[in-house]
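Per-chain numbering from 1; labels A, B and C assigned in written order.
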Amino acid sequence: MTITRHILPGFPPSASPSPHAVEVDGWVHLTGQFPRDLDAPETPLPLGIAAQTEVTLRNMARVLQALGLGWTNLVSMRVYLTAFERDYDAMNAVYAAIIPADCRPTRTCLGVGRLVRGALIEMDCVARR
Amino acid sequence: MTITRHILPGFPPSASPSPHAVEVDGWVHLTGQFPRDLDAPETPLPLGIAAQTEVTLRNMARVLQALGLGWTNLVSMRVYLTAFERDYDAMNAVYAAIIPADCRPTRTCLGVGRLVRGALIEMDCVARR
Amino acid sequence: MTITRHILPGFPPSASPSPHAVEVDGWVHLTGQFPRDLDAPETPLPLGIAAQTEVTLRNMARVLQALGLGWTNLVSMRVYLTAFERDYDAMNAVYAAIIPADCRPTRTCLGVGRLVRGALIEMDCVARR
């Protein structure tokens, strides 16, 4: 069985010691995405959950696209919020506006204590080629 | 590869913008289950971790059954608790009473900050047809 | 489809009501690993994130080895920290020293509120035979 560890050209390295994605037998796991600017990764994160959700999803879309995938390939998604009660509804509004209804993956959303670089949101997903 | 997004008749919509389950090639991912009453989803959640664990597992069983699956199909489970230290043992007692020993999936249990609708517990799973 | 629930000889039972690993069709899910001493599971956990990360990864390696697997089989990993801000960099240093760069799985790391037995860290993974 071949396990392909994707380190994508044109992307900054993962914040963690990890490839951008790992693929086996058509299943593609993505490393957690957060709202950094992929073209200027050291700049401060955008302010507010709406902007952070949008950037996180755009980053995820860009990773998927670089792998020849798109929203239609999504199977499951996890969403992590550091201010769940305050941000849950606003995150969902952006999420539902960006991911078409007929592509939506299963989802679990957790309120967590802390995320990389103090982000308000992180998301990871499993897709299927 | 066909990705089937299950929106189950007779169930209230997911609390999040997501189908109830997504299936590919025999693998079935479930959206996070929490202790709402599936037949009266807007009523308050039951009180206490024992009741909430039981309702959450009964809801999961009902989703699995609607998909033609059961406990024997479970592969992995994640349990999220908002009062881990207080509730961990009582949750485990209910969990072990409901899921037969020879069906149990892998498990990770996390203490989290907040869950949808202020639930004490949420669980998601991956099953295999 | 055969689902194999691995309860490994020579290992203490999982802290939770779960097998050590569940395998289907070459996919192997591991129950969450934490920094107990597998040969003396009731002794106190080691002090500090560096030691706890190392023991957790050594325990995971031992489970993988008992299944005939190794780091090269890793697909995805989740890391849970109870003191994210304090421990993230030190955890990553140990992680990157133990898991060779060409074997690294996708990763998501979350700051959580509480873990089993008050551990500073827990990790779970999905591997492919």
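As a convention for this text, a residue touches a chain if its C-beta (ideal position, glycine included) is under 8 Å from a C-beta of that chain, and two chains touch if they have at least 3 such contacts.
Note that this is a predicted model, so its numbers are computed, not measured.
Undergrad: Taking all residue numbers used at the chain A/chain B interface, answer same if over half belong to both copies and different if under half do.
TA: Under half of the interface numbering overlaps between copies: different.
Undergrad: In degrees and to the nearest 5, what turn takes the CA positions of chain B onto those of chain C?
TA: The two chains, chain B and chain C, differ by a rotation of 120 degrees.
Undergrad: Roughly how many whole angstrom separate the Cα centroids of chain A and chain B?
TA: Spacing between the chain centres: roughly 23 Å.
Undergrad: Do you know which chain A residues sit against two or more other chains?
TA: Those would be 82, 110, 112-113, 126.
Undergrad: Could you list, by residue number, the parts of chain C that touch chain A in their complex?
TA: Counting only chain C, the residues touching chain A are 26, 72-77, 81-82, 84-85, 88, 92, 95-96, 99, 101-113, 126, 128-129.
Undergrad: Chain B touches which residues of chain C in the complex?
TA: Listed in rising order, the residues of chain C that touch chain B are 1, 3, 5, 14, 16-22, 24-25, 27, 29-32, 78, 80, 110, 112-116, 122, 124, 126.
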